[in-house]
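After this come two complexes, each holding subunit A, first together with subunit B and then together with subunit C.
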Partner chain A sequence: MAKEIIKDNDNLLEVNNLNVRFYSNGREMKAVNGVTFNIKKGETFGFVGESGCGKSTTSRAVIRLLAENAKVPEGEILYNGTDILKLSQDKLRKIRGKEIGMIFQEPMTALNPVLTIKKQVYEQFIGTSMTNKEKEERAIEMLRLVGIPSPEKRLKEYIHQFSGGMRQRAMIATTLAANPKLLIADEPTTALDVTIQDQIIKLINKIKKQMGMSVLLITHDLGVISQMCDRVAVMYAGYFVETADTLTLFAKPRHPYTKGLIDALPSTEKKNSSLMPIKGTTPSLAELPKGCPFGPRCPYCEDKCVNELPEMTEIESGHMVRCHFSYKLKNASGLISIEEGEQ
Partner chain B sequence: MDVFNYTLKRILQMIPVFLIVTVLIFLLIRAIPGDPAMVMLGEKATPESLAALREKLGLNESYIKQFFLYFKGIVTFDLGDSIKFNTPVSTLIFSRVGTTICLTIMSTFFTVIFSFIPGYIAGINKDKIPDQIVRLIALIGLSVPSFWIGLVLLIIFAVNIKIFPVAGWGNTPWEHFVGLILPSITQAIAVSAVLIRNLRNNVVDIKNSDYVDFARSKGISPLRISTHHIIRNALIPTTTLLSLKLIAMFGGSIVIENVFNLPGIGNLLVNSIYARDYAVVQGIVVMFVVVVMVINLLTDIIYSILDPRVKLS
Partner chain C sequence: MSEEAKKLVEVKHLIKHFPIPRKITDVLTNKPQKSVKAVDDVTLDIYSDEILALVGESGCGKSSFARTVIRLYDPDSGNIIMDGKDITKLSKRELRPLKRNSQMVFQDPYSSLNPRMMVGDMLKEEFIYHNICKPEEVDKKISDILEKVGLSQDAKDRFPSEFSGGQRQRIGIARALAVNPKLLIADEPVSALDISIQAQILNLLKELQKEYSLTILFISHNLNVVYYIADRVAVMYLGKIVELGTTNDIYENPLHPYTDILIKSSPNLDPRKREEAPAINGNPPSPIDIPPGCRFAKRCPFAMDICHKELPELKEITPGHTCACHKYS
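Let's turn to the complex of A and B:
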C-alpha cells in the first residue's frame, strides 16, 4: 500500500487522463477526452458546458455507471488512492452508494415508480447490521434532514405522490441515507422551477457542510455554479477547456468558450442586458476536428488552432486553459462580449 | 375510488352492453339459413312432425315474443332446454365447463413459462444472439395459426411418438391431465409470441431506465436489481396483457377442443351450431360474454394493484 502513502491525501477523488468512447452503428464517439481533475475533501467541484459535451458521461464514469456500448480505453480514477477502474464488481459495489452517491436530474424517473420511498431508502442499508427500527429511524431522519414534512407518512408513499420539489428532496434523502463521502449531482435543479431550484441549491450546500461531503456538481447553468462551486471545469466536446476556482473563472475567463458562456448570461447591468449566445454548433463527437474543437466557432481562430490541438496549460496557479491564444483574453474582463473584446 | 365502488360502477356500465349483446346473439342465430326443425329431423321429417317441433321450439311465435321469452330466460338463469340432448342448457354447460376451465388454467401455466422466461432473457440480451433467437421464434409463433400448431404437435407426440393420446381426455383425473397437455401447449404457443415481445420490450426499456441506473448507483446486487427493479416493473404491463389473453384462450378453446376432441364448452358450442340447437348456442354465447366482461374487470383491478400509479376511476 506504499502507493497510497505517496498520494496527496487532500484529494478524495483524482481523475487522470480519462477517456470514454461510445460505439454505436459502427461509429466511435469520443465522448470524454483526456479529462483530468481532482476533488478535495469538503469541496464542491462543478462541470459546466452545453448539452452533449460529456458532463454526465464523465461523472458516470467515476462510478462506472456507463452504458453497455461505452469503453474506457485510458485513464485512472483514484478514490482515496484506489483505482475504481481496476476494482472487481464486488468491490465496486462497496464504493457505490456508500462512498460515492449520485442524484439525477429527473427524480420522477430516477426513483422506481412502483416501490415506496421507504423500500428505496432501505436498499441503502442492505449489508449493514441495522435493525428494522434503526432503519426506520435513519430513513425518517433523512427525510427530515432534506425538509420533507411528516416524514413518517411520506416514507410509505410512492414518488408520484410527491410534488416536484419534494421529489428531488426524496431522491437526495435516498442517496444521503448511505452517508456518501462524495455526492455526484447531475443537474439536480434543471427540471425544477426557479424558486424550487433555489431551495434545492441551498439544501445541498447546507447538507454538504453538515455531513462534510464533497460534491461533484453538473450543470449547464453558470448561475448554479456561482452559487455552489469552489472550483469549476468548463467542458466542450468532451474536453476540459478551462478549470479554475469559481471566482477566477467569472472574473478572468481565459478561454474564448468560457468567455462566450459568461457573456451569454443575462446580466443585471444595463449595457449588457441582451443575450449573447455563441454562434455555431458543437462538432460531432464521431468526427472531432484534429485541431482545437472550439476552433470553428472561435472568434480568435487561426491556422495553428485548425491544425494543432492545444494542451491543457496552467497559466496561473490552479487555472488551466486549453487554448493557443489564451493570452489574448488576458485583459478582458468577464463582462465584455467576444465581439466587443475584438475591437 | 375503492375497489368495491369501482366494481359496482363497472357492473352498472355492463348492463347496457349486455343488453345489446343479447339482442345481437338473438338476431344472429336466427340469421343462420335453414329451418331448424327441418335440420333436426332430417330425412324422417313429415309435415306433422315438423309442425309439432316448431310449436315446441316456439318458432311459430313472433320474433318479438321469442325475444322476450329468451331474455326472461337469461335473467332468471333459465337458459331453456337443449333439443338435441333433451336436458336443461345450464346442466349441459355445467357438465362441460370444467374441461374448458382446466384447459385455460393449464394453458395459462404454459404461457407463463413459455413467455416470461424467454421474454426476460431476450430483453436483457437485447440484440445479442439469445434475443435474436427468441425474436425469431416469436415471429414464427405469431404467423402460424394455433390449430396448425396443434395438428403438428399431435402428429409428432401422439401419432409418431405416442406419448400423448390422439384425442379425448380419458376417464381418470390423470388421463384428463395428460390429455390436456398437448392442447394447453398449443394454446400457450399461440398466445406466448405476443407476450414475449411485450415483456422483451419492457425489459429493454427498463434496464436502461434512470431508476435502474439509480439502483445500480446505490451498489445493490445485480440479482436484486433484476428482481426488484427490472422484472417486477417489466411484468406489470405483461401481466395485464396476459389476463386479456385469458379471454383469447377461452375463445381459442372453440378451435382447440375440436382439434383435440375435448368435451368442453367450445366443443359443445360447435356441435350445437351444427345441430341448430338454438338454446345451447345462446346459452354458451351469453356465458362467454359474461366471462369476457368479468375478466376485463378483474384485469383493471389487478393492474391497479400491481401499479400504484394507476387509479381506479
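Let's turn to the complex of A and C:
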C-alpha cells in the first residue's frame, strides 16, 4: 500500500529513506533518520514536533541547504521525478527559488536590508524574458495579493520600514513572485502576534488554492497544523513516528508520543484537570537508543521496544505509526472526537 | 470572585510613558517631545489568591505594566497600593524590605539566571539578602524550595547550563518563591517552552497557587494557556485595559470587539473548523501617535462615529465583568 502511494504520479515531491548526520566535536548526530513522505500537487503537508526533533533539517535537506558539517549518507529526494540529491549546482539553483520557494521564521535574515522590496522581487525574475513593465506589474500584483496596502508606494521601501507582520508578508510576496510549485514554510508565524498569525495562515491557504501550489509546513503548534494541513507527520528525535490526515491524527492518535503531546496541551476541555506532561527528556541525537527512540519516556515500553526499532507501519489506509504496541491506543481519545465514517 | 475578596494590589490610573529620544534637529526646531504610551491610565485590582491573566498583542504594554506595578520602572503618575500600603513614591531604600513581597519570573529561562552561579548559591543569596531565615537554616530552606518546584536535591551543586529549559524555568520559579512573596508575576513564563515542558510548569504554578495561596499575575498571549490557568482575565490594547472579567465571562461572553477577535484569531484545534477569512485585517496602530477616541476604532467592525471621537470608559456591564466600548452605552 505504502509503495503504491509513492508511485502515484500526482506526487510533486517524494522523499525516500532520507538520513542526515551532523558532525561536530568528533561526534556524529543522527538528526534525520529514515524519513519517507510524499507531497501531492496542491496539498499542504505538515511536520510537527518539539524543538530539536529535526523539522528544519529535514526541510532544508529537501532543497540542499544544509550546514557545512552535515552529510546525507542515504536517501532520495524526487522533485517531479528528478533526484535533487544528484543535481549539479547549476540545475539546483534553477529549482531553488523558481520551483521551490522557502519562507523562514525570521524574515529579517532572509530579506536584504539594503535593497528595496522591488529589487528583491525582481531578483526572482532573473532568467525570465519579462520586460521591466511586466516585472513591475507582477511585483505590484504580488504585494497586493499578500494584502500590503498601496503596493506601488511600498515597493520602493526598505524592509526596516515594514512592521513584523508586513515583513512576513513581503517575504511571502517575494517568494511567491517566482510562482513556485512547492512552498516550504518553516515556522512562518511563530514570531507573530495571534491576529497577524491568523492573517498569514489564511493568506497562505488562499494563495495555495489560487495557484494550485503544494506546501510543506513546519511548526510546533498543533493549532497551526489544524488550520493549514491536509496531512501531518509527527517527528521525534529525527524519526517520523506517525503520519495521517490531519483529522485522523487529531481524533485518533495511535503513537504514544502523539498521544502524549495531546494530553500535555492546554485546551478548553481541560480547564479543571491537570495537564499530563510527558515524563523525561528527549534523547541525545549522538546516543539514540537502539530500540524505539521514545522508549525511555513511553508508558507502554516493554523489552521488545528497548531491543528493536519499530518500523513505520500502515495501520489503516494512509495512517502510519512507528510503534510495536500501537494497537493498545486503539481506543485512545484525541483532541477532538469524530463520528464513525466521518473523514 | 466574591465581593469580600481581599485586594492584594490596587492600581489606580497608572501611567507609564517612555520618551523617544529626539534628534538634534527636532530639538532645534522645537518639535514636541514624543513618547510611547506603554501604560496609559490603567486601573486594576488584583485579588489575594487569584491567578489574573493579562493578555494582549506584542507591544500593548503588558510587561511595562507589570514592571511598573512592582516599581522596577517608576510610574509617571497614578497610584500603586500593595497590601494596603501606597508604594508609588517610596524610595529605593524604603522599597527594599518590601521587594520580597512581589517577585517576577521571566519568559526566557536562559538569560534570566546567572550562568556562573550554582543553583544552591543563587538561592542562598536570596535567603540572606532578604533576611528570610537564620544562616543555619538556609540549607534546609534550599532543600524545601527545590522540592516544592520538583527539582532533585543535587540541583544545588549544578550550574544553570546543566539543566533543560523546563528545569531552568523551575529554578527561576524557585528563586522567586524562595522569599515567600505574596505576588508572583509570571511574564510569558512558558512561551519559550515545548508543549511537554510547558505542561509541567503550568501544573506547577497552579499547584503552588493552591497550596501556598499565592497571587499570580500571569502575562501571556496564548489564549489556550490563559484559559487553562486563569481565574480572571484582563485584556489590554495599546496601553489600556479594554475588558476585564472571570475567565468564563471572557471566553464564553466576550464583550469587547477586540476580545472577540483575539479569541477568533487563535487557531482552532479542530481542523473541521476552518475559516477562509482572517478574524481581522490590518495591524495595531503605533503607541506613539494615538488617535483620539477608542484605540481600537480603526480596526473595529462595529465602529460608530462616536468611537472615533470619544474615549470609552471602562464600565461594569454585568457584575464583575467590565468593558470599555461605546456599544454598551
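The rule is short, and it goes like this: the second predicted complex is superposed on the first by the 320 of 343 C-alpha atoms of A that agree within 3 Å, B and C clash if a C-alpha of one lies under 4 Å from a C-alpha of the other, contacts with A are read in each partner's own complex, and residues count from 1 in each chain.
Definition applied: a residue touches a chain if its C-beta (ideal position, glycine included) is under 8 Å from a C-beta of that chain, and two chains touch if they have at least 3 such contacts.
What you see is a predicted model, and the numbers here were worked out from it, not measured in a lab.
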{"item": "Partner chain(s) touched by A:I63 [first = subunit B, second = subunit C, both, neither]", "value": "first"}
{"item": "First, second, both or neither for A:E50, with subunit B first and subunit C second", "value": "second"}
{"item": "Touching partner for A:G147 - first (subunit B), second (subunit C), both, neither", "value": "second"}
{"item": "First (subunit B), second (subunit C), both or neither touched by A:N33", "value": "neither"}
{"item": "First, second, both or neither for A:I278, with subunit B first and subunit C second", "value": "second"}
{"item": "Touched partner set for A:Q199, first subunit B, second subunit C, both or neither", "value": "second"}
{"item": "Contacts of A:T243 with subunit B and subunit C, given as first, second, both or neither", "value": "neither"}
{"item": "First, second, both or neither for A:G260, with subunit B first and subunit C second", "value": "second"}
{"item": "Subunit A residues touched by each partner, larger count belonging to subunit B or subunit C", "value": "C"}
{"item": "Partner chain(s) touched by A:D221 [first = subunit B, second = subunit C, both, neither]", "value": "second"}
{"item": "Subunit A partner contacts - residues on subunit C that touch it in the complex", "value": "57-58, 164, 194-200, 202-203, 206, 221, 223-225, 227-229, 247, 251, 261-262, 264-272, 274-281, 283"}
{"item": "Touching residues (chain side subunit A, partner subunit C) in the complex", "value": "50-51, 147, 163-166, 193-199, 201-203, 205-206, 220-227, 229, 246-247, 250, 260-261, 264-268, 270-271, 274-278, 281, 335-336"}
{"item": "Interfacial residue positions of subunit A with respect to subunit B in the complex", "value": "63, 65, 67, 89, 92-98, 101-102, 104, 106, 109-115, 119, 123-124, 126, 158, 160, 171, 174-175, 178"}
{"item": "Subunit A-touching residues of subunit B, taken from the complex the two chains share", "value": "208-211, 213-222, 224, 228-229, 232-233, 236, 306-309"}
